[in-house]
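Below you'll find the structures, each written out as structure tokens.
Each of the two complexes below includes chain A, the first together with chain B, the second together with chain C.
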Partner chain A sequence: MSPAPDRPEQDLLYSDVEEELRASVRALLAARADSARVLGRVEDEQPLDLDLWRALAVDLGATSLPIPEALGGQGAGLRETAVVAEELGRSVAPVPFLGSAVLATGALLHLLGQGAERGGPDAQAEAALTRLAEGAATAALVIPLSTYPGGPLPAVSADGDALTGTVRSVADAAVADLLVVLAGDVLFLVEAAAARVTPVVSLDLTRPVADVVLDATPGVRLSGSGEAAVRAAVLVGAGILASEQVGIAEWCLSTTVAYLKERYQFGRPVGSFQSLKHRLADLWQELVLARAAARAAADALATGAEDLEITVLVAQSLCAAVALHAAEEAVQLHGGIGMTWEHPVHLYLKRAKADEIALGTPGRHRAALAPLVGLTA
Partner chain B sequence: MSAPTTAREVRDLVADLLARHDPATTERTAFLNARWEAGLAWVGFPVGLGGLGAPRALQQVVEAELAAAGAPDNNPRRIGIGLGMAAPTILTFGTDEQKQRFLRPLWTGEEVWCQLFSEPGAGSDLAALGTRATRDGEDWVVTGQKVWTSTAHTARWAILVARTDPDVPKHAGMTYFVCDMTDPGVEVRPLRQITGEAEFNEVFLTGARIPDAHRLGEVGDGWRVAQTTLMNERVAIGGREVPREGGMVGVVSDTWRAHPELHTPEALDRLTKLWVESEALRHAGTRMRQQLAAGSPGPEGSAMKLAFARLSQALSGFEVELLAEDGLRHGEWTMFRPELVDFTGRDAGYRYLRAKGNSIEGGTSEILRNIIAERILGLPSEPRVDKDVPWKDLPR
Partner chain C sequence: MPNIVVLVKQVPDTYSERRLSDSDHTLDRDSADAVLDEINERAVEEALLIKEAQGGEVTVLSVGPDRATEAIRKALSMGADKAVHVSDPALHGSCVIQTSKVIAAAVGKVDGVDLVIAGNEATDGRSGAVPAILAELLGYPQLTHARKVVIEGTTIKVTRETDEGLTHLEASLPAVVSVGEKINEPRYPSFKGIMAAKKKPVETLTVADLGIDAGEVGLASATSTVVEAAPKPPRAAGQKVEDEGDGGAKIAEYLVGQKLI
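And now, the complex of A and B:
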């Protein structure tokens, strides 16, 4: 049986500082990423909003929260990062937060940590993190977004420092300046301009994926275990994604509740029909559990808790399902309007469905969790 | 003396109590009465009523210190209705005389309490209840039938809601009383349930007499008083602190571990899914307690109860199914009256059947969903046909 830690220091609330951060991110998104604007650009050549991204990075420092202050970051942590992810989920803002600020940053930070243990951080990794912290560059971790904890990693080969391989369905790669590429057990930094990055038509309109082709492409070799760094980043990503999913579920629930109060049929607001109220009450109940699980994951990531892996796997397998359920219910309970392109709910459905796959499906997370808590086949 | 505000001050008071009354040599009831007099029964209660007027969070410190010293407790599971429902209601609505008379033996366990609310014709629609109380001099005379009364057969007192005015709409005509269970007009009969035993009772009231001095709140204000009781009941059901794998999920996980010959991949995934939800529910409980401690209670309690009922039922149903050949057999159907109820006790069949009550007792899951939808999400209520109709004219 798994240890049952007595952790009085575990904090599942939002601190005042986190609430302030939330308020400033929410204000920026309300002004720059309202649903009409987000919907308006999803069919543009570049659906990702790099002006908004720069505002998040430079004006709010919201994209460099876990990067140390010495490297120009905020020196905050993953609890704060999770709050930003929650707000970005609430607005499905089209910015490369997951790919750059969570996954690529997470892998590079893990390398720095490994370097500290060996007595010297990698200068190239530090330089890359500094560029990210300044908002001078955006990065992507070159793994399929569907990569899951304990699962296979892409097989890019290195001939010296020349990299060759194809990696499909990479999140946020289309706008990345820097690619973080795993070959064997080594991480390489690759200037995106030197690689062939092809955006593909994506299920998720607000987080499009791209294929990355490397053909003897030059990379800069980073010291440390690349595989450990990538696996750590996948775990961080899965934990932070849980908060994004809470944001998605919250938007879907509150938007549907508001609609059912004003939509009249049979001479009554349809929100007064018990069969619909009970579905919304169930969703709210799911959201209460999802928020607690996501906060627990963010807190465990921030404190490096002993049961970090268990807590993240619990949160991701639950929150993915709750976000998707909320989005599917939102479409159904909006009736005909929910099926139209003009109503933004489909953006949330597409994000929630892609997020179900991202960094491991709920089934993959359960499969990884079970042996950790003494449930074996 | 001003109320203590720190754990250190409370620890000093506990140390003083232990110095004066050694738990090893003091008789249980005597120790509990000494603890009451020291204000360490429930520190959040007022001075003179077993408390210190201190922050409620400090109660944990008292419990931990006394448990560490091996002091006897008041067996809270045996007197849960008194502690969780009667006490907060008496504290809120009782007269000084009522508080002085009832609270101390309630807390020490010298007097057990039960609850006379539900009736055969008034379950979810509690406000439709028909047990009549009519005034006779300084007394009220009560006639009617109550049901689902746990601990009625051991109780000295009951909290009771009865109809005192049938000519006004249902919510307006009720009054809240403390009923003496030893009155000759009170008859308790066991109510056998689907598990075979009788954890609950039916209570028949036939001209039972209640002095007006045992009325809680104003005549006609019974609905409002009852809301205080019910709110506390829901908090008590969902709010307990549990370790990882505490409760049903731990029992069923242990059954899984003990029976590798029954494992299938499909069953493992289903169990893991329930394990995940149970762990999230545990986090939600932690979060709710942290909100309470931070002084900003959220409405999560009703979500906790809904999820608790759903998971208890799913887990216990899974266990019976998993046990296959043994799932077809059952421990016993013997009729008896348990003093304590353990949702996770006995065997898989009992757990499965008893869990069916979790979505009915303390507010059905359907009523809870209405409450969440209307009070938390702000959705409009269903059209009401009974709101302005005198109780006596309602169809039944």
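And now, the complex of A and C:
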């Protein structure tokens, strides 16, 4: 099949640069976010590892990949961002990547893109992106983590530049310096210190959420359509989340395979039993499919393909279920040890379950997908 | 502004199963994942630290098959400026002396070298002799097993760490240094570093380009060859002591027999 002339050829493989970026991120995470370390800090007062976050941001440049070089970013794109998300999923590293580097960055970048059409980008949005790119600040997009493409957005009211409203379960808000808030159709920048940010208990111990309360809190108004920017960011987030889910599933499968090879029962490795092999083979097939879907979404996000929305909805509805299934199988196939707090697999199960709800459940995605592909009830 | 050459080697990943090939007992490079040897990452890091403090240029030098370019790329993405890659099928099975001769000739291709930094020992061959042989061939002083390197003008000071303790060495440049595990923590390649590495020059040379006859290198004329290789025998079953009230005494007897107490 030859590609349409206006559409760059789809590429589902990883480039050399992407593989090298992966190797660098993986080496950093192996040294700084191994299972013991991640497990050790989930019950801390501050579960997010901000030293690791700084290393990812400043040393590797892994948190500012889609930000233009002129603003201090890497001038890369969402394909590379997706590779980092995969690795972060593999280690369930507790860093505010989704909230800051994907959602908040995605909304601000979309505003800049709109600015180009109007004849001038917003200087405040540029300054904020520069702070993020330099690793000088962390941001959060103030929407519930469960917001889905096409779904309702939070109702924050603006009286002049004073914002009032409550938004629940905002990912990575507790460590954000900068909040990106939608009020009406306008996006505002709010210094987090001026808002009330209260961490709340989440099922997912490695991605904390917080409630954000604004009470006549001053914000800086950004030009452009805030709603379009937030909707675009939710779509970007859903697409990148698919890659994180591939990472989760991959860790669950490879760790389970390794365990079943070394765990002996009845004088033979448990993995030699055919019924277990079948379950692992099924998982592997699901993983391969999920990876292809997630890569397609990352590629479509990077190239702005015409079928972007369809590709993201397919990936998100598929990968969410695969990650969860892989995590459930990992818990069960690990036997007794899989049920213990000391084994990291429960972190993956919780992340997979939270990710299934984050940025739209598979059901929501399928409901949104159906009319786009001509399926009507 | 020291001009530094860092020796790097691509080795089989120590986490994978490493084997010798059945036919000639040389390293079976296809059986395991190939990586930049970790000690070389520290050597590159040390060169970069010196460059960042004093300026100069860092050249990566590797002798190895074509796929060693991956290890070279990694060193370049960490921040080295350029690379020399000696790749020639004639080098297959070369011993440490032959290899050192090739490295010495390749170092000669780099203008005005002040310092050669190597890892103290590769994780595959583990001879740990190349830095010393190279220093001898180049006529440079050798400051091996460094855990601290300080350069002041044309003087180099090194703290050498061995099982016996620390030795403080001083020499004038040019010199050969080999670094140990404690020298530093290597950096991770940044995205910008990875992109920049694509554009950095890698000069590929054959042994003929170095003015060495192909007959002088390789397995046929090597000074040492592996005659036989066998896997480590499985650990024998331990000695069981039944405790009939005298278990403690029997354990003490055993430990005395082993000269442990």
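Convention: the second predicted complex is superposed on the first by the 369 of 377 C-alpha atoms of A that agree within 3 Å, B and C clash if a C-alpha of one lies under 4 Å from a C-alpha of the other, contacts with A are read in each partner's own complex, and residues count from 1 in each chain.
Everything below uses one rule, namely that a contact is a pair of C-beta atoms (placed from the backbone, for glycine too) under 8 Å apart; a residue touches a chain by one contact, two chains touch by 3 or more.
Note that the structure is predicted; figures quoted are calculated from it, not measured.
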| message | Touch test for A:Leu65: chain B only (first), chain C only (second), both, or neither? | response | second
| said: Looking at A:Ala27, would you say it contacts chain B, chain C, both, or neither? Reply first, second, both or neither. | reply: second
| task | Examine A:Ala76 and indicate which partner it touches, taking first as chain B and second as chain C; both and neither are also allowed. | result | second
| chain C versus chain B, contacts on chain A by residue | B
| field | Partner chain in contact with A:Leu372 - chain B first, chain C second, else both or neither | value | neither
| message | For A:Ala296, using the defined touch cut-off, is the partner it touches chain B, chain C, both, or neither? Pick first, second, both or neither. | response | first
| task | Name the contact category of A:Ser317: first (chain B only), second (chain C only), both, or neither. | result | first
| task | Classify the contacts of A:Ala155 with the two partner chains as first (chain B alone), second (chain C alone), both, or neither. | result | neither
| request: Check the residue A:Ala123 against both partner chains and state whether it touches chain B (first), chain C (second), both, or neither. | output: neither
| Residue ranges of chain B in contact with chain A within the complex | 243-245, 253, 256-257, 263, 265, 268-269, 271-273, 275-277, 279-281, 283-284, 286-287, 290-291, 294, 300, 302-304, 306-307, 366, 368-370, 372-374, 376-383
| said: Could you list, by residue number, the parts of chain A that touch chain B in their complex? | reply: 1-6, 10-13, 257, 260-261, 268-269, 271-274, 277-278, 280-282, 284-285, 288-293, 295-296, 310, 313-315, 317-318, 362-363, 366-367, 369-370, 373-377
| remark: chain A contacts chain C in the complex at 17, 20-21, 23-25, 27-28, 55, 59-62, 65, 74, 76, 80
| Of chain C, residues touching chain A in the complex | 73-74, 77, 187-192, 194-195, 198
